[in-house]
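Common to both upcoming complexes is chain A, partnered first by chain B, then by chain C.
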Partner chain A sequence: MKPILSSFLQMLKSVKRDRMLVAACVAPLLVGIAIKYAIPFMEEILIAQTNRREILRPYYGLFDIFFSMITSAMFCFAAAMVLLEEHDDHIESYCSITPLGKTGYLISRIFLPAFAAFLMTGILLPIFHLTPLPPAMTFFFSLTGNLQGVIIALLVVTLSTNKLEGMAVTKIASVTILGALVPYFLPEPLQYTLAFLPSFWVGKSVCDQKLIYMLPAILETAIWILILLKRFRRKMP
Partner chain B sequence: MRLRNLFLLDMRFQAKYGFYFLYVALTVIYVVILLALPQSWREKAAAILIFSDPASMGLFFMGAIVLLEKSQHTPCAFAVSPVRAGEYMLAKIASLSAISLVVAALLALTAGIAHLHMVLFGTMLSSVLFTLLGMMVATKIVSLNQFILWTVPIEILAFIPAILHLWGISPAVLKNYPANLCMDMISGASVSFLGLFCTVILIGVLFMAVRKCVIKMWQEAGGIKL
Partner chain C sequence: MIQVNNLSFSYTKQPFISGMSFSVSHGEIFGFLGPSGAGKSTLQKILIGMITAYQGSAMVNGVECKKRTKDFYEDIGVDFEFSTMYEKLTAKENLQFFSSLYEKKSRSIEELLEMVGLDRDGDKRVSDYSKGMKSRLNFIKALLHDPLLLCLDEPTSGLDPTNSRMMKDMILAEKAKGKTILLTTHNMQDAAELCDRVAFIVGGKICALDSPHSLIMSKGAAAVTYTWLENGEHSANCPIDRISSDERLKGLISENRLQSIHSGEPTLNDIFMDITGRTLV
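Our next item is the complex of A and B:
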């Protein structure tokens, strides 16, 4: 455990030096304030302009889903960028032959940041949510949102061999969170074509108001993470 | 001739690192998203997608491009070659804009935005602006996290006013703000001559500033001042 913590603290120092740590902590607060106050304000303006009864309100649940993913996305994205830099500098090869090992390296670089983001989301989501959120829903939002961040980080480090490819993969990996939009905009059964995305089930759970859909979301996330972990471990020297 | 070779080199570089594959995949995803949206939403959604992705790809990727070049010691080679900083910049701007224009055209056609020429001109201006801004930041940084952090204020200043402007939530005084003007053009609307003039002047000033940054980066290539 000590090597893992020490490796995690070393990464924190590197991220802190780039001021990314402060940004990763402050950004969710700013996004939360924007969602809580700017979105309802925009809704009022849009209603006044268009004379419609509601425009954004039916999608408030989606804003909550994206907010639950933002902290993890920030933390895991910063960690993925460190991993890419370390890959280019061959640091991961050295780490894997130290007491840290491959598993410890992965835990310190991806899972500990995700766990920190999980705690932070659990605190911030009850403050900045737009729709009524019972504690169970807050828990599942935090959990699935953070596991989504882990998937994005693993996709980036697994599918890319350098910084530039990493940025390209980041772009396409971020699209996986758009699965949450699908139940809102695509009719059944067409929407199930994107059911392989865990975010689809999170969106469906909110759209249909059924907590049970969190189960396939967690199961699919676990499958995605296991496959990506297997590929990443094979890629590591 | 040098400019043409640099342009082709950049295109080969982008192909090697999967830019074309990435944008084929992203275009397919964006087209599917646009087709899934209600008809009345498509034009605005397409304008936001074009402005925030293909048009601003230079801002997103420039950090990684320059950092990768630094790690491969390419600036050292440029520093001692006859290539000029302006040519290096023009090749990057042209090669990234080429991708932006193709993707923007496909998205605009899918959404049925009128005045395609205006959309393409707006995309071109936005792409040049964002690539120059990205290049300016990229010459100053040493890590990807630093780059991402330094581009956040640019993104806030460019994207938020432009998206609000698209929805009509913007004061009249900001009509000629370059980001808003580009968004107007991308959504197929006509723009004022004054706004266009200001944007071109801004591009000119940025080009000169970035040229100085690139020369400085080359002079410091390899950790020493040449």
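Our next item is the complex of A and C:
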């Protein structure tokens, strides 16, 4: 346990030294404030201007979904950047021949940040949500959102070889979040073409108000993570 | 300390490392000598548990390498071919971090830095280090947790004579402390100077294994080469242990007619060529 903790703290130091990564880690707070106060405010203005009863309100669920993913996405992005930088310095090779081991290294770089994001989301979501959120929903949101971050992190580290590529891949990998939009905007049979994205099921769960759709979301996430982990291990044996 | 029995491994479908068997005892410096691509680093990676998909047996410190647990690494120190340091951090920050990965109490970082002449550079970033300084720093990183076994991959390659000398002295100092040391090299002088025993490795196989001295002796004793003038220059050889029966040489000496005379010992390089039919490059 001590080596994993040491390794995690070392990552925090690396994050602290990089302004972009610090910004990424405080971004969820700013986004949360923006969602909580700016969105309803905009809705009021829009309604006053257009004389319609509601414009953004039907999509409030979507904002909650994105907020549930953003903390994890940001934390995991920061971790992935640190990992890529360490890869240039062959740090993970060295760690693999210390008591930390490759597994401990991965835990400290991917799963601990995701877990931290899970706790963080559990705290922030009840503060910044827009739709009524029962505790069960908060839990599933934090869980799926945070596993989504793991997927992004793993995509980034398997598909890129340095920090610069990593940032480009992050943008592409973040598209996997957009699956949540699909159930809102695509009609029934057509929308299932994107059902392979775990975020699709999260979106569907909120859109249709059915908790059961969290099940395929979690199942698919697990499959994604397992496949990516396998590829990652092949890349960094 | 190390027992390897009928070890085989390959990255591809073609056989590579095959049927290797040897053992290394406590306190020994054991060298893998061979040209680049021979499989020296691969073999070392198996012994430090980085490659586990091998057949046969490789035991280090009583543990089968593919079944290693994290305790396995409390007693193994590794110095890779390349630097494995945070370039952006200082030497001290690096050493502090890596020592925190062990349960064991770390050796004093100040003392280690002083030992390799880096005591005044401890607060410099590693990216500002020269190649020689980096290899000294990576070497002491492998000593942080005071391991029983040191695995050094090409510890002297690419170093200038001064740094190479320092590195060899440090390796010998660790041996004097009773450490077992495994090193790979394609430099036969280093192998001859450092190793108690060397294994010649070519194409994933061990072609010979003995002490450098015995290997050199196996080729026979040193020879004397001499030249003289007699209707032009002539030269001849004679094994050094049969000089007294070389009548021509004796005659030339008594008549003071020798143009030149010198003796030459076969080097490990000659032996390597003899046994493997390959040079060490």
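Methods note: the second predicted complex is superposed on the first by the 228 of 237 C-alpha atoms of A that agree within 3 Å, B and C clash if a C-alpha of one lies under 4 Å from a C-alpha of the other, contacts with A are read in each partner's own complex, and residues count from 1 in each chain.
By our rule, contacts are C-beta pairs under 8 Å (C-beta built on N, C-alpha and C of every residue); 3 or more make two chains touch, one makes a residue touch a chain.
As the structure is a prediction and not an experimental result, all values here were calculated from the model.
Superposition note: with chain A as the common reference, chain B and chain C can be accommodated side by side.
By the touch criterion defined above, A:93 reaches chain C but does not reach chain B. With both structures placed on the common chain, the touch criterion links A:101 to chain C but leaves chain B unconnected.
Shared-chain residue A:37: touches no atom of chain B or chain C. When the shared chain is aligned, no partner comes close enough to touch A:196: not chain B, not chain C. Between chain B and chain C, B contacts the larger number of chain A residues. Put simply, the nearest alpha carbons of chain B and chain C end up 7 Å apart when the two models share chain A. Touched by chain B in one complex and by chain C in the other are residues 88 of chain A. Chain A contributes residues 15, 18-20, 23, 42, 45-46, 49, 77-78, 81-82, 84-85, 88, 162-168, 171-172, 175, 178, 181-182, 185-186 to its touches with chain B in the complex.
Chain A contributes residues 2-3, 6-7, 10, 17, 86, 88-91, 93-101, 104, 237 to its touches with chain C in the complex. Partner chain A is touched in their complex by these residues of chain B: 17-19, 22, 25-26, 29, 33, 36-37, 60-61, 63-65, 67-68, 71, 143-146, 148-149, 152, 167-169. Across the interface of their complex, chain A is touched by residues 48-51, 70-71, 73-74, 76, 78, 80, 82-88, 97-98, 100-103, 141 of chain C.
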